[in-house]
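Shared between the two complexes below is chain A, which pairs with chain B and chain C, respectively.
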Partner chain A sequence: MTAGRLPRSLHPLAWWGWAIGLAVAASLTTNPLLLALILAVVWLVVVARRSDSPWARAFRLYVILGIVIVVVRIFWHVLVGLKFGTIKVLPLPEVALPSWADGINLFGTIYLEGWIGAALQGAKLGILVIAIGGANALANPKRLLRSMPHALHEVGTAVVVSVSVAPQLAESVQRVLRARLLRGQSGRGLRAVPQVALPVLQDTLDRSLMLASAMESRGYGSRREASSGAAGRLAIGGSTLIGLLAIAFGMYGVLDPTRTPGWSGVPVLVLGMLLAFGGMALGGREIRVTRYRRDPWRWAETVTVLAGVAAATGAVLSQQATPALMVMPLQPLAAPGLPILATVGVLVAALPAFVTPPTPKVRAR
Partner chain B sequence: MTTHDGIAVELAGVSVTYADAAGPVLRDVDLTIEEGELVLVVGRTGSGKSSLLGALNGLVPHFTGGTLTGSVRVHGRDTRDHRPRDLADLVGVVGQDPLAGFVTDTVEEELAYGMEQLGLAPDVMRKRVEETLDLLGIADLRDAALADLSGGQQQRVAIGSVLTAHPRVLVLDEPTSALDPTGAEEVLAAITRLVHDLAVTVVIAEHRVERVLAYADRVVHVVDGRVESGLPAAMMRTSTIAPPVVELGRWAGWEPLPMSVRDAWRAGAGLRRALADAPPARTSSLSRRPDVAGGARPLLSAAKLSVHHHDLVAVREVDLQVHAGSVTALMGRNGSGKSSLLWALQGSGTRTSGTVALAEGGDPADLAPAVRRTRVGLVPQTPADLLYLPTVGEECAQADQETGAAPGTCRALLDRIVPEIDGRLHPRDLSEGQRLALVLAIQLSADPAVLLLDEPTRGLDYQGKAVLAEVLRELAGRGRSILLSTHDVEFVAESADRVLVIAAGEIVADGPTSEVVTSSPAFAPQVAKVLGHGLLTVADAVAHVGEGPR
Partner chain C sequence: MTAVTETVRTPPAIRLRPRSTVAIAVAAVAALLAFCWPLLVSADSVLATNTAAPLILGLVLPVVLAVVLFEISEGGLDPKAVAMLGVLSAVGAAIRPLGAGTAGLETVFFLLVLAGRVFGAGFGFVLGATTLFGSALITGGVGPWLPYQMLGASLVGLLAGLLPRATGRVELLMLAAYGAFAGLLYGVLQNLSFWPYNLGEDTSISFVPGAPLLENLQHFAVFTVTTALGWDLGRALTNAVLILVTGPAILATLRRAARKAAFR
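Now for the complex of A and B:
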């Protein structure tokens, strides 16, 4: 076994890059064969490389959410969707809405073509969600926050605090609801709301304060001695903010060149990026935190991201070369074909299941 | 850093006043703590102990607000110019509830967090994490999720997480209050090791004085914001807060005054001989045996009671009866199923299988909550969960209304337990003991025949515990039955007739207090360890020997 195969957790950004690639591929197609292949690849990699942690167990929830999306999409198709096709499945009476909702008809005969089209639209979105859930299962969200640029350190920590306090909030609600029974109240109804909310809020506030005081006494936010001072901090914050606004404005110019003057496109975008990243870099320099066991970026991470890129690229190329193969042929209904480039891309995305180092087992206690 | 001839902490003329407070919480405190000392801070709740501890790293007043006059210097750094975060490399602070202070998910990351904030180099961090894991004996827990650890393990991780920054002073607020005797031993062993091996200065505040006194170099007594300090033996001569060995020593006139069970054992040979000669069985603990054999009515009986939480069995097929006129203590490790059992008995908690029956027949779980509390009352581990109104007076009035008791019943009960609590106070502003008294009064307004209490002694000072013991004895005297869970062996010795020991959800011992607690070294009270003969408290010894020669 070479050093590259020693069990370790992959850099969280690698998994996110991989998952976003697959999500892009899924968003470009309604071809059921290709969608099924993407789902299979996500499933395979998650099963092969997830750890036994709370966030990994949450993958199930994303799968359920994906199924719910498909069901909801079909429900809306039955309720208000545009019914098209020739093969009748379910003859439902059509209900026309009054004139203020002109053009919308409830129910109506369901045709196989329309029904399949709706199901595949739902599947496309559902599989996209499952791919993101895969990234969440493979990479600890808190570790992802640790990889954020230093300038966003404070935002990241605020998120970490809320992530830590949220489960305690649920526990505290449960505890107070049980305590209501001890005072002979059922804990239901509108009158119970303040009886539950007040102790829970006080409890949460106490805990947040205790956490904040612990962080304070452990040196959180102690900055470099030669700090840039209040004026410096204002300049850094200002340049980051103006930069971000300029990026948004420039992006608008690039995407819709017909309605905006030419200078507002690329030049503003570039200027905004310079300002924003400059501000972040300066702000990051001011914070002197270091990282314990920084996640390394090795060839396995690169391969994983490239595998995701391959899936997205294959889908984009197929859409340009053979657009007809990327969609389910509905009018007339026919068997879907296989777009070669997209298929190869998605198959490449299965590589991380085999080439990445295995996930370390938590030592038994 | 400059050198300071061995002085770790120096408080000069320190007074602390919080906003909207009537008077200062600390007044003119002068205190010098030398490097490498282990200082025990004692005092009643609300005496200003926590403010004193908070002042040591600047949390008071930088974080809490209020005004601090005078100066606090830690190894030459004045808290006036240094915020708590600027002292993080010098003072390590561990709070009462370690879980509430954890920032990360796993043991290893938690140990590294403070060092990351101080900007230490990664290789230094790796080395210190390994050293600390070994120092505190938690190396096998390195990957464990913090929430899965036991209380003693969590407390040791919390100590480790501040220790990695190599502080010169360690401040611990009630590190063993919530722990079972074994967990407390683990934590204290770790702390003494730090003092001996690393010469860390340690400042500990602790209600359970008996656990820490033997290790202390100096005792600081906080009374109403004023501070007295001295050698343990000198301070204990007059202290109102004294563990049983000290009280025994004072009564027996031992010189020097014993600070530990070992000291007292060596001094106590004569007394033990006198006890052997004295006529037996006149003692108070032995006389309050429960009538297990017959006579007393069981007020609540459980048969084959089991509680599962998902696939975890918290309580396994427990058979249990509690009798009229008795106080029963439920002891056992953290997480052994005590709370689950109490909640299941009351009927509001989960019960997976088995039966619970009241004396008059019927299952409390089948009753409406409002009726249920008139049969079986429960005071939960966090009593504040029951309170939601803005004043003590309104809480009491609400309790009378809920239970249909005559107006003023709850207030009268409260006055009997702890007199003279201002009815206009917000329940959050009460001390731990006063809040427990309020919730106890609310639950007693329903006049339940059986009263269950989940860890009522947590956070109570000696006086608070004495009052609670008296109230419970009085209730038992009126034919009620009390079942309480606790880690406090001294409290059990003072108040309980019968002890149940629960381990992994099963009852492993059940019998009169004097038999159960003396047969286990972890649960034996100090007097029992010193004197034997089934004596549990100083009062027992006095009654047994009489005031005669000793």
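Now for the complex of A and C:
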């Protein structure tokens, strides 16, 4: 127990599982009480467990984005929305557009019911986005990259290089500027842009070749011939390609169930995903990758993911049992109730704020 | 002097095998379905209610992307190509915030188009995905929109690598025209995929699940012309101008790097 309380960062995938669970819960309801509860839980956990890293500060931007989404929804409702309800809020004249934009009317009297409905639809999407923002704030993206599947090791390496080289570009720019100063060219303004940008690009590209030779000299890219032989390669290629085809076909089936047989929707989609995962897992076995300081997965990670699953499950069960409580009653307007199962699920999702080990407060680089 | 840079053609940095070509083709179809879903969806689909759509598509699209990237890199990438991908997506991720949001000033695509042209279609595809993914990780911008942006940028890079042979001024004009076209199409496709979320279900220019294609197209046209066309035109113009202005110098720099790297 004492070892669990030592400050450490949680596995990034645990935070993503938790956040996706809350996002699923938010996407299933327009009940303002439940939405407010989800927002409060996300906020509480983020404040309790975020680090002082740059990506943790991005959470504020997600909150702003969430508010913008609600405002945009209300704007569209006032401008072109289909107004419904009985309680008048703002009598506006209705403006019919000319015939080329048939059927579109601007403005019109705004009713309280329609207004609340639009705001809550926006709040649902906004809180979904804020929940995803919680994962962005809590999970360390560099550590998340380490959890990329083996099959994507090389593309993942390219992203790791990109994430770590981007800050170095500023240094490269300063080096070129200093060289220009030493030559007596202090020219600023638009003229200087190509004279700085091109050497920086050259420098970066040359550095990439140096990086490549360093990678090669450390054994990267000296991959042995595939160990599985022709049959194995056929299995890998077959399952990924058939999986991809099934996903495309299944997507069409999900979109248009009237013109496709019933089995071709979700079942084919799931089958395609499974085949694709299987093929990638097979392919990943051929790539030997060593991991330096592997991120541990302890009970705190499991609790965090299960807390997210609890929120999603509670919302799904409540929707099955008491669908009327999951939506805001608009016609007629009434006070919303609280669906028990969904509420309990969302409250469980607040657990990570208390049971996970605290985040170390030194900036990790 | 200029004749050298124009005539020497370097081999593609990432070779596309028949299997990866098939994978990209299928993924392009899946991507098109995902972008155009509001036009295709019928009234009795689970996606018609607008709540499940962001979650289902948000789960399916990353898998599609992962499979294609796996197929392209299966059998091993040249470490030089991996390093080049890394630094070019770092440059892209660094210049992306320079223009983000201000009147459609989009500063990633010109680099994507030029790099796809020099290093080939496969490289362009992977670069599109890694640039936007890296940029999202650096700025903390991972969200349901990311798979759409990655797929869109990947297709922009892929098609840039498939443009016909040309040299000199013709090549530059062709790339600029393509950049403008790609910027416009990218914008319209992104709008299309987010149109239902942006607007909600009950406005008179919302999408109506299962309605005739023409009616939904008309609603979408009004929505995109009134809201986003300014941004899309701005993006198209930025691309064309940036490619025309920086193209000669950057193409020469990239070709020099490609020759030095001598991809196998």
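Going forward, the second predicted complex is superposed on the first by the 234 of 365 C-alpha atoms of A that agree within 3 Å, B and C clash if a C-alpha of one lies under 4 Å from a C-alpha of the other, contacts with A are read in each partner's own complex, and residues count from 1 in each chain.
Rule of thumb we're sticking to: a residue touches a chain if its C-beta (ideal position, glycine included) is under 8 Å from a C-beta of that chain, and two chains touch if they have at least 3 such contacts.
No experiment lies behind these values; they were computed from the predicted model shown.
Novice: Please name the chain, chain B or chain C, that touches the greater number of residues in chain A.
Specialist: C
Novice: What is the contact status of A:Arg293 with respect to chain B (first) and chain C (second): first, second, both, or neither?
Specialist: It touches chain B, and chain C stays clear.
Novice: If you stack the two complexes on chain A, which partner ends up touching A:Met215: first (chain B), second (chain C), both, or neither?
Specialist: Touch status of A:Met215: both partners.
Novice: Given the touch rule stated above, what does A:Arg207 touch, chain B (first), chain C (second), both, or neither?
Specialist: Both partners.
Novice: Go through the superposed model and pick first if A:Pro194 touches only chain B, second if only chain C, both, or neither.
Specialist: A:Pro194 sits against chain B and chain C alike.
Novice: Contacts for A:Val176 in the overlay, against chain B (first) and chain C (second): which applies, first, second, both or neither?
Specialist: Touch partner of A:Val176: chain B, not chain C.
Novice: For A:Pro358, decide between first (touching chain B), second (touching chain C), both and neither.
Specialist: neither
Novice: Which partner chains sit in contact with A:Gly184 here, chain B, chain C, both or neither? Use first/second/both/neither.
Specialist: first
Novice: Could you tell me which stretches of chain A are touched by chain B in one complex and by chain C in the other?
Specialist: Correct list for chain A: 54, 142, 160-161, 194, 198, 202, 207, 211-212, 215-216, 220-221.
Novice: Flag every residue of chain A that touches chain C in the complex, lowest number first.
Specialist: So the residues of chain A touching chain C come out as 23-24, 27-28, 54-55, 58-59, 61, 72-73, 76-77, 79-82, 84, 101-105, 114, 117-118, 121-122, 124-125, 128-129, 132-133, 135-137, 141-142, 144-145, 149, 151-152, 154-155, 157-163, 165-166, 168-169, 194, 197-198, 201-202, 204-209, 211-212, 215-216, 220-221, 223, 226, 236-237, 240-241, 243-245, 247-248, 251-252, 254-259, 265-266, 269, 273, 276-277, 279-280, 283.
Novice: Sort out for me which residues of chain A touch chain B in the complex.
Specialist: 54, 140, 142, 160-161, 164, 175-176, 178-186, 194-196, 198-199, 202-203, 207, 210-222, 224, 288-294, 362-363, 365
Novice: Note which residues of chain B are touching chain A in the complex, please.
Specialist: Those residues of chain B that touch chain A are 57, 59, 62-63, 83-89, 91-93, 95, 97, 100-105, 108-109, 112-122, 125-126, 129, 140-145, 161-162, 165, 343, 346, 348-349, 368-373, 377-380, 382, 384-388, 399, 402-403, 428, 442-443, 446.
Novice: Within the complex, which stretch of chain C touches chain A?
Specialist: Residue list for chain C touching chain A: 19, 22-23, 26-27, 29-30, 33-34, 37, 40-47, 51-52, 54-56, 60, 63-64, 66-71, 73-80, 82-91, 93-94, 126, 129-131, 133-134, 137-144, 197-205, 210, 218, 222, 246, 249-250, 253-254, 257, 260-261.
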